[in-house]
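In what comes next, subunit A is part of two complexes: it sits with subunit B in the first one and with subunit C in the second one.
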Partner chain A sequence: MIKAILIFNNHGKPRLSKFYEHYSEDTEQQIIRETFHLVSKRDENVCNFLEGGMLIGGSENKLIYRHYATLYFVFCVDSSESELGILDLIQVFVETLDKCFENVCELDLIFHVDKVHNILAEMVMGGMVLETNMNEIITQVDAQNKMEKSEVRL
Partner chain B sequence: MPAVSKGDGMRGLAVFISDIRNCKSKEAEIKRINKELANIRSKFKGDKALDGYSKKKYVCKLLFIFLLGHDIDFGHMEAVNLLSSNKYTEKQIGYLFISVLVNSNSDLISLINNAIKNDLSSRNPTFMNLALHCIANVGSREMAEAFAAEVPRILVAGDTMDSVKQSAALCLLRLNRTSPDLVLMGEWTARVVHLLNDQHLGVVTAATSLITTLAQKSPEDFKTSVSLAVARLSRIVSSASTDLQDYTYYFVAAPWLSVKLLRLLQCYPPPEDGAIRGRLTECLETILNKAQEPPKSKKVQHSNAKNAVLFEAISLIIHHDSEPTLLVRACNQLGQFLQHRETNLRYLALESMCTLASSEFSHEAVKTHIETVINALKSERDVSVRQRAVDLLYAMCDRSNAKQIVAEMLSYLETADYSIREEIVLKVAILAEKYAVDYTWYVDTILNLIRFAGDYVSDEVWYRVIQIVINRDEVQGYAAKTVFEALQAPACHENLVKVGGYILGEFGNLIAGDSRSSPLIQFDLLHSKFHLCSVPTRALLLSAYIKFINLFPEVKGTIQEVLRSDSQLRNADVELQQRAVEYLRLSSIASTDILATVLEEMPPFPERESSILAKLKRKKGPGNLHPDLDENRKERSANGGTADHSSTTSNAKSSPLSFVGDLLAPASTAPPTNRPRPVSSSYLLQAPLTPIPLQASAVPVLLSAGPLFQVAASPTPSTDLLGLGSTITTQNSAPPASKGTSLLVDVFSENIAAFPVETPVAVGPVADENFSRFVCKNNGVLYENQLLQIGLKSEFRQNLGRMYVFFGNKTSTQFMNFAASVVCQDTLQAQLNVHAKPADPTVDGGAQLQQILNIECMSDFVDAPVLNIQFRYGGTLQNVAVKLPITLNKFFQPTEMTSQDFFQRWKQLGAPQQEVQKIFKAKHSMDTEVTKAKIMGFGAALLDGVDPNPSNFVGAGVIHTKTTQVGCLLRLEPNTQAQMYRLTLRTSRDTVSQRLCDLLSEQF
Partner chain C sequence: MPAPIRLRELIRTIRTARTQAEEREMIQKECAAIRSSFREEDNTYRCRNVAKLLYMHMLGYPAHFGQLECLKLIASQKFTDKRIGYLGAMLLLDERQDVHLLMTNCIKNDLNHSTQYVQGLALCTLGCMGSSEMCRDLAGEVEKLLKTSNSYLRKKAALCAVHVIRKVPELMEMFLPATKNLLSEKNHGVLHTSVVLLTEMCERSPDMLLHFRKVWILVPQLVRILKNLIMSGYSPEHDVSGISDPFLQVRILRLLRILGRSDDDSSEAMNDILAQVATNTETSKNVGNAILYETVLTIMDIKSESGLRVLAINILGRFLLNNDKNIRYVALTSLLKTVQTDHNAVQRHRSTIVDCLKDLDVSIKRRAMELSFALVNGNNIRGMMKELLYFLDSCDPEFKADCASGVFLAAEKYAPSKRWHIDTIMRVLTTAGSYVRDDSVPNLIQLITNSVEMHAYTVQRLYKALLDDISQQPLVQVSSWCIGEYGDLLVSGQCEEEEPIQVTEDEVLDVLEGLLVSNLSTPVTRGYSLTAIMKLSTRFSSVNRIKKVVSIYGSSIDVELQQRAVEYNALFKKYDHMRPALLERMPIMEKTASNGPTEIVQTNGETEPSVPDTKHPPLVTQPANQANDLLDLLGGNDVVPVIQTTLPTKPASAGGELLDLLGDLSLSSGPAPAPSVPISQPPFLLDGLSSQPLFNDISAAIPPMTAYSKNGLKIEFTFERANPNPNIAVITIHATNTTEADMTEFVFQAAVPKTFQLQLLSPSSNMVPALNQGSVTQVIRVLNPQKQQLRMRVKLTYTHKGSPVQDLAEVNNFPPQSWQ
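Moving on to the complex of A and B:
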């Protein structure tokens, strides 16, 4: 199960946080900071997996992350997930964002936080992978946009 | 066209975010946020109805503020109102707000539930999906109560859209996680399993996740999923990469689904049906073959996806652990990955190999990669990978390669990352002990550990080396010589000083013949470290000095001089002052004979579980341990009994970690006394320092604080160097001070010395030969040797029991100082109360002594208490320890029930952790009547005519403990042809199932 999905930039500013288990708001912020601390000190070209921080379950959980330009995408998962599978899921997520926002960048995540949540919701639900097929995800997102547009026109 | 055009953002939101980003200080940011919060609040509260666009804008602002780590304590009501809007935009933003900001115990849940209910019945797939997402994200109990019945219906309904099915499957999974009792699959099971055949691969992926979780809980119900999963997997694996269209990811066919299916199959043993099994083997072979094919793309995504499937296939092969050819192929494949240029693959290969190493088929194959793994330890740049390499070396270690692995780990330790040093130290210590053939090697290894990573050597490690040196004569001289040399280093770690002080104090005489290590040189060497050490170490050194006075009378003057100095006698630390005063006095008054007796060499320690292992387990969880080690642990703890007094040690410390802290624990930790005692003696007893052998009882009062020796003669703290449960013997017959005994025992058990005090007698192994005979009966002879026979008669009712123990003196001579006590070790203390009524201290020749034990079961337990008997026969002290057959099943009350009731309850207890099953070979003839008698003797009601197969036996009963009652069902299926039994236990508590199964399976 995916416990949390975190996106933050190179300075540790959170850009998206989605927890699939309940933590207090304080703890959530601490987890973000702790995770940033663990991930950001790692060199490039080391492996993409490491043991989770103490706050999110320690060695029971793994952090699986990718670093794209200014952003870290971190998935915190338990032992029931395939590490490489999650790594690919991150890739699908980023590619989908890229398609939806055309050359996605950090600012898109900041200014369209609702959209990012919607796209993520099409992929992961309650901590489980819902859909991995990018075309399917984009079809859903497009359909929602159309509905929004039609409502605006009304 | 991009799905989100850049122009349609909300201007107000953009301005706000830019403002925040332009804030120069945290204060400015908070000020700006508070301003915005006030603004939104007033807008929400205002009279004017907000349009959808504004609501959305404000909710987005709140989300942004929340993401920055600020509390949002309003807006929830507005969000709930948005849910009932007919507009998608408003509804969607309402759900978003709720899934990010509402936690599961919000008081708005009932309102939210209402909105969800409407959306679920709307037949609008978009709204249904929003509602299902919301349930899955919040997942509260109220939601489960409201929708646990509805969601499965949506999932299996014929007209549900694919995307809704996907959401419904995962929604159900979430509800099952949070409130398993509310999600009853029953009638849906077959149709859910059938989703594995769905046309839409997204539906199959979601359903596979759901089924995997459900199958872990009730494997029997979802057994049919195995064949469907194999069929599905086989179709994917053998498909051309274009067949699955959108579900082909970088030329790999449906990698996520394949991974999920392989995970599902890991819930089950290899399929029994030969055809399915063959098909699965074929799949696994194909996956292994594909790994050798040239890649279809150079992109990392292609190899990632392909390898994700491959690693999962290897996990399944390891899980099945049944096909030697596949296992060896898996091992070879992992071997290739060990040298792969992708760090991720090296990491995963090391991790998977760790599990492979414990399979008997592949252990040898794993070992062939030792050089590569060692190389990884030395050259990997990534600490995560190096850590996996350490784990793997530990897992692949056996007698043949222990020296090499330990040496490599030691040399790595010098440069190892701080974060993993302690763990490496523990692992090295365990391996060195486990595979030591030659104990000089062991001693060298531990001393090197201290030298290279002294700060990371926990107390358990140095306690252990001392224990082993004391117990093994052949290594004592070598150890003394080695520590003496190690102490020569100008700067040595304090842990080395501790080990050195202890060992030289005991065995310094073995090297004193060499003029280079004469007594005086030894003493000077130790004393040169004294002032640099902490108080506990100094206390230990003082004890070493008094031992020197005994070993080497020629240095007595020098040492007395040291003890007499103001820095000792008037030391501000009460513990040090106490020791200095006592030792000085002891050395001045006592005759050589008395000194020799008092300061005698330590007797061997009882063998017990290595506390190092316990510590590693605490650090890592049991999963990461080598299975052999676990077994060893079991054996040891079974023999681990030592003398104790159960009623007086109930509050003794349970954690070895508190050991050092206890060293100087204040008197307040002692329980209330029933008799006032002189202050001075209590002080002396607390100071856990004076090695007092039993013979001291013959010594007249030595010091003004007289009671010390009288009392100390009877309660003798044994050497709890390992800290695993304190071990105390009492002698009821001890002369005048016996009344104070229990108190004093406690004082000792609270304050066990770093310099342990001697036990009066070596405690032998605990006899348990007849133990299992008493599992199904209550009376008989428990133990017999040339002198003594122990018989038992016992009765149990509910959680209480009474046991009559008969001690028969087989000789014609009287047993003197006879004392028997019952010890509940470790966790057992809290689980079982055994109160022994006092018995006579003498047993005449040929006579029998009866002692009554009252037993109360507090909670379910595994270990058995130990009965320790001491007596004096002729001139020698006899010591017998026997495992008392008080087993969990004694607290059974049989329950009669009908076949229908039985199977209904059987089903209710279907969770995997509730069931324990064992298949084993018959050890006795498979006689039906005998079996029946055994089951009844075990305590359960034998239910006739319940099992459709008349040759099977089923039983039922309730285990009574003080805290709970645990219903137990059992089923024994004999297979007379194969001379095997299958025993299945189902109870509401996993520990009970396990224990009962272990106990009963030994009986047939």
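Moving on to the complex of A and C:
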């Protein structure tokens, strides 16, 4: 099960935070800070797996992260997920964002955080992987966006 | 009131803030605007306001006042509103607040909505944060959607069902019929989530697992799907870097693992496909490696044939040499899991693993360290220890404690010689001394005491280490204890192992006194040094100096030191005749079942001489607090009556027959009187402690006896005497079986004459394995206040080669010491 998905930039500013387990608001912020602290210390050429910080379950949970340009994508998972599989999932997620936003960059994520949530909701539900086919995800997201647009016109 | 600004505007504004304070101000202003807009109950802009609120929530500002607004949005008819509303609900609400229950009705309606996307939203929200009540109410709707032909909804319903099952496990049965057809879907999304659902069901319920294995015969179906994926060639839809839907492949492999675990038939059915996947998968990209990794884990977990296992370990070996750090990490993790079962195969890769200790990556280093410790054995101990000690020197502080403990454990198990052992320990103490766990100090002291021939060498080396550095407390403690014990060897220069150093008594006392005054010493260390100084009073000739030191500390502020000094002073003044006896050399301590430095060794008790009142050598006076802990242990155990009630197959009449023997020890069977054998007087119970193997019973010198030996079953009695109460004899029975078949449902019963009282504790098991492969033990306690000769009648029942066997016997040959 995926416990949390966090996206933050090189300075630790959160760009997206989704928790699949309940934590209080303060704890959530602390987790984001702690995760940033752990992940930013890492060199470029070490492996992408870390033991979780104290707040998010300690050594039972792992942090699997990837660094793309100015953003860190961090998935906190427990032992039931395949580590290499999650790495691939992050890649699919980023490629999907890329398709949806056309050469996605940090600004897109900043200004359209609700859209990013919608895309994520089509991929991961309740902490479990829902859909991994990029085209399928994009089709569904597009259809829903169309529905929204048609309502605005009314 | 002007229209509330758009989300985009807000974000733009916040980004212009240059300081945290400025940002906070902007946000507070906007919050106020949002609050007043909410108060106006404005439907048009509610969606916009909540979106802004969610953004602020992400930045860390309180947003709970928007919770009810989310509910209103969910209830709206517009899709846009619902979308933001549900998102808000997932981010802001949780099952701990009662507000969330209000959503239930909305979700119910939306689950039946005409638009699939609305249904999807409802499923998503329910699956993310539905509470048990909500799940219970809405499970029926979810189950209905599980059977729909719309694959978009079906896959969401499957994951929602997983969440429902997690929250309310009793509802699992409900989803069973709907799950049946899920695997025949073509849509990969549905397949994927169905496999997740099946996996969850199998993990939660062993009955379900059996059902899937035997009744649905899931394995061939899964194998077929997997085969199609591998053989189908290029399919642009599901392709990821040249491999067809690797995510689904990984999921299926995981489910196969669960199905094949400890089941021969299922494992057999999947052998071929596993071999195929293992050999045919492309390893140039991460996806291929992910599949291989999962395959290896599956092979190792199920009952695969040995050829396949070797293949798996070789794949892991290849992973270890891969340049990609992630792959190496993953390989180390899986090797750690398999090292117990396939030890020899993993040994082949030992050198690569040891190289990983030098890797720069912290995660890899940790894994390599754990694996290295698992690989240490009698053959490679010297080489491995060299590497591990080198690692200990150079590693980060976070590793040092674990590494030090691991080194101690390994050294204890496999030390090729005592000198090597002591050298290794010295090395650890000097390099990582402050990270060593506190309870390793008594362990080390015990080790040193027991290696009698090395005393001189040890004390010399420890003394030299002390001269160099007194900051590492465990080292200092062990050293001062040793100097206290073996100081005479030190000054006499008797060392054989290495060049003896010339040390005078005064120099030694200088060092010890230095410890007492140093700022670096903890109170515990000071205690150790004071006691060491005291002990030297019988080994050295400069008694006056020692007397002076001891009397100075009689007025120390530290209460512990003060007490010790005062008592030692008293020893000099009033009990001088007892001093030599009290302070003489420690005897060799009995080794208990040592589990390494992490377990507190019970026999050590006090390693310093005890207060002058007790005249016994320090070893036997068990410290009071430890005894109390064990008392609690015993008090917590249930008193098991003589007649074993744990095995329900025993007919009740047999018990009565046995009890009848109490009066006259005759075999006549009559009506069963009320059982009078079991006792449960708490004081009686708590007196006898020596049945616990942790205790070292000095007075146990009663020889064991064979009580019964017939038809291959032999029962031996060993005796201990309970220390505080000599009227209680504690007998441990050992039942062994020399025949070729196991004896199952083994029950031992005993009865004694009226003047005795008997108590039987629970047996270790009820199966005596064949060919002396193991034994069943059970403890009997007999109270014999009148010191009469012990007699016992025993009854044995067991099943051997399918037929029940029963036997009665009389045991009369108790050795006299057991009842006198």
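Throughout what follows, the second predicted complex is superposed on the first by the 154 of 154 C-alpha atoms of A that agree within 3 Å, B and C clash if a C-alpha of one lies under 4 Å from a C-alpha of the other, contacts with A are read in each partner's own complex, and residues count from 1 in each chain.
Heads up, the rule we're going with is that a residue touches a chain if its C-beta (ideal position, glycine included) is under 8 Å from a C-beta of that chain, and two chains touch if they have at least 3 such contacts.
Predicted model only: the values in this text are computed from it and were never measured.
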item: First (subunit B), second (subunit C), both or neither touched by A:Glu131; value: both
item: Contacts of A:Val113 with subunit B and subunit C, given as first, second, both or neither; value: both
item: Subunit B versus subunit C as contact partner of A:Tyr68, first or second or both or neither; value: neither
item: Partner chain in contact with A:Phe101 - subunit B first, subunit C second, else both or neither; value: first
item: Touching partner for A:Gly85 - first (subunit B), second (subunit C), both, neither; value: both
item: Touching partner for A:Ala143 - first (subunit B), second (subunit C), both, neither; value: both
item: Broader residue contact with subunit A after superposition on the shared chain, subunit B or subunit C; value: B
item: Subunit A positions touched by subunit B in one structure and by subunit C in the second; value: 14, 16-18, 20, 22, 25, 29, 43, 45-51, 82-85, 87-89, 92, 110-111, 113-114, 117-118, 121, 125-133, 135-136, 140, 143-144, 147-148, 151-152
item: For the subunit A and subunit B complex, residues of the former touching the latter; value: 1, 14-18, 20, 22, 25, 29, 32, 42-43, 45-51, 59-60, 80, 82-85, 87-89, 91-92, 99-102, 108, 110-115, 117-118, 121, 125-136, 138, 140-145, 147-148, 151-152
item: Residue numbers on subunit B that touch subunit A, as the complex places them; value: 2-4, 6, 9, 13-14, 17, 21, 52-53, 56, 59-60, 63-64, 66-69, 71, 87-89, 92-93, 96, 99-100, 103-104, 126, 132-133, 136-137, 139, 163, 166-167, 170-171, 173-174, 177, 201-202, 205-206, 209, 212, 246-247, 249, 255-256, 259, 263, 301, 304-305, 307-308, 311-312, 343-344, 346-348, 381-382, 384-385, 620-621
item: Interface residues, subunit A side, partner subunit C - complex; value: 14, 16-18, 20, 22, 25, 29, 43, 45-51, 82-85, 87-89, 92, 110-111, 113-114, 117-118, 121, 125-133, 135-136, 140, 143-144, 147-148, 151-152
item: Subunit A partner contacts - residues on subunit C that touch it in the complex; value: 7-8, 11-12, 15, 51, 54-55, 57-60, 62, 78-80, 83-84, 87, 91, 94-96, 115, 117, 120, 123-124, 127-129, 152, 155-156, 159-160, 162-163, 188-189, 192-193, 196, 237-238, 240, 245-248, 250, 254, 286-287, 289-290, 293-294, 325-330, 333, 360-364
